[in-house]
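Once you scroll down, you'll see the structures, which are given as structure tokens.
There are two complexes below, and they share subunit A, which is joined by subunit B in the first and by subunit C in the second.
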Partner chain A sequence: MPLLDIRDLVTAFHTPDGRVPAVDGVSLAIERGRTLGLVGESGCGKSVTAMSILGLVAAPGVIESGKILLDCDGRTDDLVTLPERDLRRVRGGRIGMIFQEPMTSLNPVFTIGDQITEAVRLHRDVTPALARARALEMLRLVRMADPERRLDEYPHQLSGGMRQRVMIAMALACEPDLVIADEPTTALDVTIQAQILELLGDLRRRLGTAILLITHDLGVVAETCDDVAVMYAGRIVEQAPAAELFARPRHPYTIGLLAARPTGRRSGPLTTIPGMVPAPRDFPAGCRFHPRCSFARLPDCTTHTPALDEIAPGHLVRCPFADALGPPRPSTPGTAP
Partner chain B sequence: MNSPPLLDVAGLETHFPVRRGLLRRQVGSVRAVDGVSFSIAKGRTLGLVGESGCGKTTVGRSVLRLVEPTAGTVRFAGTDVRATHGAALRALRRRMQIVFQDPYGSLNPRMTIRAILEEGLVIHRLGTADERLVRVRAALERTGLTASALERYPHEFSGGQRQRIAIARALVLEPDFLVLDEPVSALDVSIQAQVVNLLVELREQLDLTYLFISHDLSVVEYLADEVAVMYLGRIVERAPADALYRAALHPYTLSLFSAVPTIDPARRRRRIVLSGDVPSPARPPSGCRFHPRCPLAESVCREADPPAAGDAVHVVHCHVAARELDRAGDAGAAAARITDMLARSGSATLSGGVGT
Partner chain C sequence: MATYLARRAIFGVLTLVVITCFVYGLARNMPGTPLTVQLGETDPSRRFNPEDLERMKRIYGLDRPWPVGYAQWLANVVRGDLGRSISRKQPVATLIAERIGPTFLVSGTALVVAWLAAIPLGLYASARSGRPDERLSSLVLYVLYSFPTFVAALFLQIIFAVWLRGTAWELPLFGMSDVPPDAPSLVRIGDVARHMILPVTCQTYVSLAYDSRFVRANLEEAVRQDYIRTARAKGAGPWRVLFRHAFRNTLIPLVTLLGLSLPGLLGGSVIIEQIFTWPGMGRLFFESIRERDYPTIMGLTLMFSVLTLAGQLLADILYCAVDPRVSVE
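On to the complex of A and B.
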């Protein structure tokens, strides 16, 4: 039984212009101690998936169907039907959260120490002194320079990288089984991003925490994740172990995304994906990628939603032509150019 | 390299006053740009890279005098931009345009696309109404949009289309030189490639010269001829793009390149993880500004500002690199030595964070 098992999740927003299915039938599983990267461009539904797990989808959004099963100590809870009172215990307790912008996720009028202490005391019945000791221990764990002094400082006194370390300390304070990190390094500079990714990797090895890493950066995924799921227009279009996905992408969208990245000096124009990412209210019928697909555009593509088929062990692709696309499967793995 | 540079910047300084108290007395200054020199030949692209707060955006704005430099000279096509005023400055500005990062914030939401594109022509009193419309249409079409966009408003367009509109607005005045300030950073990957291709096409068709400001090292490697790396208000290294990406000499450049996550294991470098954060430009460190974070810092680095070392095309400001260049004789061997020293300094980890 995986730690988290999302089955056929549908989350839609009911706006004056009609129903907008931001997440439309997503199934995902995260095993204990593994890192799953959920990648896609703006509006693909990756953040709404995360918010659905946490029960934080704001009106007019609503989880219409599906299950989100969290396994814990032999008990399985469905987070979709769990009462808010119990969900609050899950958030920050069994599931920790790290968001993109630490400045807006931290409360500017409380000290760093107050905020970590609060996170601890919400979930653990401990004395204020013990909670403060735990906060200090967490700041040391995330390798914050000068942790005693930081406890009494306010968020604005810290740099972006330090604030993100505080977020990580808060997320890990109650030893969660799963951490959801939504673009945790997108707002940071590349040398600070390297520090934070190294820290997350180190903590995962030491604490055995599973991570759901939501990002648009394929490089970050390649260097940090065990498994990858690619989302497009509310659906997962491809899922595989990271090494397999980057060596042998099979969905036309994944292939296009990988090819669009500049690598090295210009030797010709960059490969582009024509058109633009559709807004959720304009999702096309059939395969949602078909208007931009440069491969097979058969009548089927415009009318039928392709199934997410397993074309190799652990490699799922939502395209009936997947076998014919992408680089060939070599007899010895790991020989990508 | 043989033709005289279109843009020549020497000793550029732009400081912002820090004011405190009731009387708003100046208590210090932020040295956003603190002694920057470079030149760009006609038709070439200089990539200006660095992390937030390094001053790269302020360089772009100072060149156009959108912010007033404190010292230094900026020469554009032989004219001293800082000594030019009034009508002459306006004439110069027609030839120097800028495209900003944020395609949402840089277009006035109350103006139609036609009015946005026409505004520059009206300000510069170019052409009759009919002639202006012809030029507006031509600029739109150059960027891959059609005349059907003319009477619409910015909110009706996606991020990628808005960035095309911002580029068209810059092109309508038929400039020679564009400052591109993070022009693709806010765009999705699939859209980013379209806009990068457009910028390359325009550069070739119109013989444009670019100052391309970006934190994205892959995009800069792809389209820049020459690259300058900034740290805390200064250029620390400058070289032709292929030389810099093959054999960078400055420890900061090397750590910056090594920090970029890549999907291609063959391009993965041994990661040099820097400790600490970038210091405040209001109180820059003594000596070499990178020394508090540099794994190779020696006592001389704390005391003396490193002078330029290297040759005419590959310039580096680093005491250690200067010594290694002297010792090794060529940049390739020196770069290998410095990379090796960084790897042995204990700050390097093999890349691959969480998954390994």
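On to the complex of A and C.
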């Protein structure tokens, strides 16, 4: 049984203009101690998926159907139906969260020490002195320079990278089984990005924490993730072990994303995927990628939603032509396009 | 800090000179003088003859142009002398000292009551935002906010001093005390408290409505911030998020509002003190203008200006206490 098992999650926003299904039937599984990358462009529903897991979808959004099963020492909780009081124990206790904006995600009027200590004391029955000792330990763990002094400093006295280290320390303070990192490095300088990713990977190895890494950056995924799920317009379109996905992408969208990566070798303009990401309220019928798809565009694509088929062990693709797309599979050379 | 305060003090003094000069000029150029206004109310048979009037004008320095008079007033103020009231024949400082207590009693009580009620009301409105009970309470507060105090004062007087006369609910129509000054102190305190109820109510309800809407607006701004999402993701409950994380961040604008209410605290409300004949600063100000009592007008103007500037300075200093990002330097 995986640590977190999301099944057919549907999260929709009920706006005055109608129902907007930001997450539309997403299924994902994360094993203990592994890193799953959830990749997609802005607005594809990846952050809403993360907030759904924590039960923090902001009104007017609601989880309409599906299950979010969290395994805890043999017991399985469905986070969708779990009462708010129990859900609060999950948040910060069993699932830690790291947000994108380290500049604004820390409360400006409390010290670093206060904020980490609060995370500890919300879930552990410890004295203030012990909680503070734990906060200091966490700052050392995230390799914060001069941790004793930082405890009494305010967020504005820290750089962006240091603040993100504080966020990580806070998310890990109660030794959660899972950390959700929503674009943890997007707001940071490239050099700091690398440091933070390295830190996350190191902490995962040392603490055995599973990580759900939400990003739009395939480079980040390639460096850190064991498995990858690609999301487009509220749905998972392809899911595979990272090495498999990068070697043999099968969905036209994934192929497009990989081709659009700056490689540093090619000169000339970057390859792009034509068209725009559709807004959730005007998702096209059928395959949601069909208006932008540069491969097969049969009448079927515009009317019929393709199923997420397992085309190889652990490799799921939502495209009926998957076998004909992408680089050939070495073991089965006969399926080349 | 010291240089900051020194700089603020220098700017403050310059501001005071500009304000007082302007007000002195306006007051002296109003039609009538303290002498002629008094004359208008005097029995015609006992009017001064013109020579006496000229002599008195000289005594009060009213024969010289107003800039000279202002310079004289300013020189006296620098020496610590606010002058003597022309119509009341008493030092202005004594008049202010007599009136400041009653005003502070009403305004201070109203301020404390308003804030004590406004903060929970704002929190409540923010926590229950959009629900029917919150809509109703917000509507009531908005109606109160729009309701003029002088109308409310008259209604309260009719209800509590006229319709309820003779019942246990009767409240005094006006004044500050009805019992002789030699009555036991407990009786006197109770009597003043009864006289205070209506003026305090009038002064409280408008600021209550305004302050609670202010608290709520700032809270709603705060709860949209990213750090609120962080707090919830840590596992904090809704009340903890609202009180500890959101409310603490709204103290910054609240402190400003509090600082700006300082002049009102000692300046009093002209309208309410006039309606309830409360012997406070607001009424003294109103009467001194009617009597063209230049020294009193100027003394009060100076005091209100100093309080306004002090309130702003206080708000700026309190900023640093509630917001670690701000420092006076």
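Everything that follows uses one rule, which is that the second predicted complex is superposed on the first by the 323 of 337 C-alpha atoms of A that agree within 3 Å, B and C clash if a C-alpha of one lies under 4 Å from a C-alpha of the other, contacts with A are read in each partner's own complex, and residues count from 1 in each chain.
One rule holds for everything that comes next: a residue touches a chain if its C-beta (ideal position, glycine included) is under 8 Å from a C-beta of that chain, and two chains touch if they have at least 3 such contacts.
Bear in mind the structure is a predicted one, so any value in this text is a computation, not a measurement.
Contact with neither subunit B nor subunit C is seen for A:R132 once the two complexes are overlaid on the shared chain.
Of the two partner chains placed by the overlay, neither subunit B nor subunit C lies in contact with A:R163. Of the two partner chains placed by the overlay, neither subunit B nor subunit C lies in contact with A:H315. Comparing subunit C and subunit B on the residues of subunit A they touch gives the larger count to B.
With both structures placed on the common chain, the touch criterion links A:T35 to subunit B but leaves subunit C unconnected.
When both complexes are overlaid on chain A, the residue A:H251 reaches neither subunit B nor subunit C. Residue contacts after overlaying the shared chain place A:S105 against subunit C, while subunit B stays out of touching range.
When the two complexes are overlaid on their common chain A, residue A:H290 makes contact with neither subunit B nor subunit C.
No residue of subunit A lies at the contact with subunit B in one complex and also at the contact with subunit C in the other.
Only residues 51-52, 158, 160-161, 188-194, 196-197, 200-201, 215, 217-219, 221-223, 241-242, 245, 255-256, 258-268, 271, 273-278, 349, 351-356 of subunit B touch subunit A when the two sit together in their complex.
Against subunit A, in their complex, subunit C makes its touches with residues 225-227, 229-237, 245, 248-249, 251, 322-325. Those residues of subunit A that touch subunit C in the shared complex are 54, 56, 88-93, 96-97, 99, 101, 104-111, 118-119, 122-123, 154, 156, 167, 170. Here subunit A touches subunit B in the complex through residues 35, 41-42, 145, 159, 161-162, 189-195, 197-198, 200-202, 204, 211, 213, 216-226, 242, 246, 256-258, 260-266, 269-273, 276-277, 336-337, going by the rule given at the top.
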